[in-house]
Amino acid sequence: MSNKVILELNDVTKNYKKTNIIRKMNLQVKEGEFLVMLGPSGCGKSTTLRMIAGLEAPSTGEILIDGRNSEKISSFERNIAMVFQDYALYPNMTVYQNLEYSLKVHKVKKEERQKRLEAILETLNLTAYRDRLPGQLSGGQKQRVALGRGMVKQSKIFLLDEPLSNIDVQLREKARDEIQSLHEKNHQTIVYVTHDQLEAMALGDRIAIINDGIIQMIDTPDNIYNHPTNLFVAQFIGTPKINTLEVTCNHGELLFNEKIVFSNTERLESLNLASNQLCLGIRPEHVVVKRKRTDLLDLPAQIETIVAYGRYQQLTLSIKDGQSIKAIITNNDFTSGDNVYFSFAAEKVLLFDYENKNNLEK
Amino acid sequence: MNKFRESGWHFLLIVICLTLLLPVLFMISNSFKTLQDSYHSMLQLIPTHPTFSNYLTLDKQINLFRIVWNTFFMATIVTLGKIITGLLAAYAFKYFSFKGKKFFYFAFISTIFVPFTVVMIPNFLVISKLNLLNTALGVALPQLCDATGIMLFLKAMDKIPNSLIESVRIDDIPSYKILKDIVVPILRPNIISIGAIFFINSWNEYVWPTLILKDKNSFTLPLALQNYISSEGGTNFPLAMALSTIMIIVPLLIYLIFQRYILNSISSSGLK
Amino acid sequence: MNKFRESGWHFLLIVICLTLLLPVLFMISNSFKTLQDSYHSMLQLIPTHPTFSNYLTLDKQINLFRIVWNTFFMATIVTLGKIITGLLAAYAFKYFSFKGKKFFYFAFISTIFVPFTVVMIPNFLVISKLNLLNTALGVALPQLCDATGIMLFLKAMDKIPNSLIESVRIDDIPSYKILKDIVVPILRPNIISIGAIFFINSWNEYVWPTLILKDKNSFTLPLALQNYISSEGGTNFPLAMALSTIMIIVPLLIYLIFQRYILNSISSSGLK
Amino acid sequence: MSNKVILELNDVTKNYKKTNIIRKMNLQVKEGEFLVMLGPSGCGKSTTLRMIAGLEAPSTGEILIDGRNSEKISSFERNIAMVFQDYALYPNMTVYQNLEYSLKVHKVKKEERQKRLEAILETLNLTAYRDRLPGQLSGGQKQRVALGRGMVKQSKIFLLDEPLSNIDVQLREKARDEIQSLHEKNHQTIVYVTHDQLEAMALGDRIAIINDGIIQMIDTPDNIYNHPTNLFVAQFIGTPKINTLEVTCNHGELLFNEKIVFSNTERLESLNLASNQLCLGIRPEHVVVKRKRTDLLDLPAQIETIVAYGRYQQLTLSIKDGQSIKAIITNNDFTSGDNVYFSFAAEKVLLFDYENKNNLEK
């Protein structure tokens, strides 16, 4: 990844009639970067991708490609390749013709065409399928042809719109690895849209979490998981969801149901609290569950359900007032109905503002 | 399912089916009867004295080849015209955005509901001023474009995913190439089946050609048939039935040849 | 898109649109002209001496109310018949399995391609033997069931998910209740729009009623119009145009009232 | 869960034309049991469900419901409720009418109807939506109405066909919990079809893994994960997939690339080996990765990629001959390219026959 910015969105907004799809989008993508846009359906991630591709014009703001305003250059000069969710292969042409079509229309010489295509078919393991029609290919093969069609153009920027969602669950892992190794080999700039958090974390150099037409956070997968900017991001990433408790701050301690769950005077006093109410977030794997009370901060709970996922077990602990929290453990020796104690791994506790749900320490 | 109910359905279907097909069988049967037989036992399906003579008489009385050719030529021009204009207009409506698109579409569709009887006279005046009376072109001219075609092609274009067209646009392919290389090949079965229907409708057309074609040499088959029924043929029912049988052959052939497309793309999608 | 190209498309569309609508405007305009004006400046859109007299003359010469009622009555029976038989048959084809289903469907669809001219005579004979000449029922009878209706309803039933019908079957609901409570309510917009088209087609029908209706009191609008053009009306062009205008009102009203359904369910699905 | 068998499939097969969809199916479901049928698309799990529902008849074999052959009783007596993937709500009726319709047709008295419906609307939190049309409901609400329609009939057996696949990923966890708590409250017998292994493990008392029209294994989630009957089951359950290595057995040791990876004379000699070749399966979390060689069985490898999923990290280790294995660790201090050593947690190693891929110890 170089330091050159190849794609830039400046204050981009998009309205359909009176709805704001994109409220304000600022984004810089570096040459060779793999950026993943992640968000729930309807968050505006696909619209952003379509604006970058030039299929839609932004309502205000500008999109710079290689430093030039994208609206002022033709789609040929823009030199962007896009892989659609349904791959958009021409059903009436063979794999070879699909790859060749755009070159042929733009009058690339036959020898040159053949040379490029042979190389790409080779790279993508498609040589054996060159004369098949798209209807005769599996989902994974179609996706590779779609990738190939982008590569043929030797585009600088690759846009991928949920390319794995039409592939059988069992084969998705393999297809994902292929995209990754292709990126590692060719170092194209990739903007990748998905709603699947595992896909995003596996692929992205950086992830932009989008909700409501705004980028909520843009950072490395690790930072997004461990230091989310707000509660939305914290809840969106991680399965099962992060536990949230409404707590009261009192003299360097956090009280939940009038019992102390967290104590760190230094950390709490460094916060600029507007009220003494706040939200505590703790991921299920950072909830410690034990049989005996060994610490002042341990609180009693009862195990409601235990789900065994093989590699780990998920406990649902019922605490007071019908509330419950989830915990992930890897060596289960509890049974449903047990009375246990739980506490939080203090350094993993996240603190959010009660009103605007922003992380108080970011 | 209840066995009794099922056989009830069966029976009903067979009755409906026979009712629909009976006139055709009846027609073919009578075309092979002598005038006398037809008069005495019109409703008998198998002729008592089967004869081919009606067809021979017909060929002597009118220029059968000329009339079939007229019908074919006229129907072909109309079909080609409707396909070309329909495809172009549907493409524009589907993939271009322009001001007043909805209004134009609305206006187009409205014309489907204007009775032909109403536009017949103005059209006749135009054709006669263009000196195209008694020509196949005169019959074809006002029919080269119609809203039904636009509507059907627009509907057919639904099956082309949007992403396909967007993908071609990102590649900067000119519109006419998209139409030629992508849209038309994908719509091929639809074009064939819609074209077949256009052709058959035009082949069977009666009212409008009556106005334009007055010279017997320019007649199309339905006109010749009408003439046999009303005047010259007079009471010669078997002759009329023989001409009817000839008239039905081409549509039937087209239907049989393109049956696969017609059933697939227009009608049987709901059947399993 | 290229600005020049876009305005080219615009221009083309406006021309096509005007060409399609011109005859109608032309007709309405002439119905308000005096005989002299119409003769001298037929192609002038705004009448020089606008007059309502043609409509009054028309009402004196023929039993206008009676003719409108005949047309309406006949079209209503045909429409109801086609909807009921079409729905029942389509339901059977879609949701029942019986022997020879494909064959029956094939036979039904084939009848679409049998020219009307061909079945006209046998049908006429049947109606005359039933003593239904000169009655609206006689016109309606052979049209109470047709394959187009079955085809359109079958197509419309595609939008009902299979799981819906299976779900009702698990609940052991009888077939007629499924049709009445589930299928018909869901297909309501389709039934309305298909019905509107049936009605308008029947309203405008010309050839078949000519055979059955000989008595002036049993005439429908297109027949009356034809009479005005060919004999009595003679050269009185404005009178014919006035009758044409009356004839176009009902289809136009139906189109405008049900426009939402018609455009939605039949035609504009591809438009955005 | 009682011990009474309420649903029984005996030697059921199903052919469409000449294709065998269900090859041979034997299954017993106990009253109150939550059975999940899990398999890849096209494995025959939906067909099985449809046969139980009476929507299709088995080609051979019989389906017994409450001891009676299901083909000989009407769908009313069969008393089965099915929730379809798309919920199959009547779009022209309100929520209340949807629930009421079947009772009304079967002439249940009005007071009785009202009483039942009120209770169900209450249970499912749908009272506020009773007059809405299905088009005005969210995916989760639609699913609850569909469940309610089954409950109204007071059916003994509930069939659910991928009921969560039309719900937004973010809300699936919640909907799953609802189904579970409903089952815990009402103890209906449930047969649940899904292709999602996490869903299956979370919900099922037992899981039937189906492939190619045959039940490959039917057992508790825990046994399926830890003691799969064959390699298909082992690979189908668990993300990332189980690692498989082709190894040679030699004097109580298993050799991979001529190096010992597993040594347990007793265990290996108890097997009835046809040849000395076999497949070793080891789940990624049971691969131990370390910097230094501390044991004879440790083998060298290089870290190809590291993917941080927050709670855990996934390493791809390249070993000899272009092969690679995956490892899951929870405290990563490696970087990509590091030379490391790996070994297998011996008691977790699974051994499969080289030919038929069956677990040699089951």
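Before moving on, here are some points about what is shown:
Per-chain numbering from 1; labels A, B, C and D assigned in written order.
Operating definition for what follows: a contact is a pair of C-beta atoms (placed from the backbone, for glycine too) under 8 Å apart; a residue touches a chain by one contact, two chains touch by 3 or more.
Just so it is clear, the model here is predicted, and its values are computed rather than measured.
Path length between subunit A and subunit C in the chain contact graph, taken as the least number of steps between touching chains: 2.
Here the spacing of subunit B and subunit D, counted between their Cα centres, is 56 Å.
Chain centres here are Cα averages; for subunit B and subunit C they lie 17 Å apart. Annotation: 26 Å between the Cα-based centres of subunit A and subunit D.
Multi-chain contact residues of subunit C (touching two or more other chains) are absent.
In subunit A, no residue touches at least two other chains.
Chain contacts here close into one cycle, and each chain has exactly two touching partners.
Chain pairs that touch one another, listed by label: A-B, A-D, B-C, C-D. By the touch rule above, subunit C contacts subunit D in their complex via residues 161, 163-164, 166-167, 169-174, 177, 181-182, 185-186. Against subunit B, the residues of subunit A that register as touching in their complex are 53-55, 74-76, 80-82, 84-88, 90-92, 101-102, 105-106, 149, 153.
Considering their complex, residues 1, 5-6, 9-10, 13, 16-17, 19-24, 26-27, 42, 89-90, 92-94, 96, 98-99, 101-102, 104-111, 113-119, 121-123, 125, 145, 147, 151, 154-155, 157-158, 175, 200, 203-204, 206-207, 222, 225-226, 229, 237, 240-241, 244, 247-248, 251-252, 254-255, 259, 262-263, 266-271 of subunit B touch subunit C. Every residue of subunit A that touches subunit D in the complex is listed here, in rising order: 40-41, 168-170, 173, 180, 195-196, 198, 201-202, 221-222, 225-226, 236-241, 283, 285, 305, 307-311, 314, 328.
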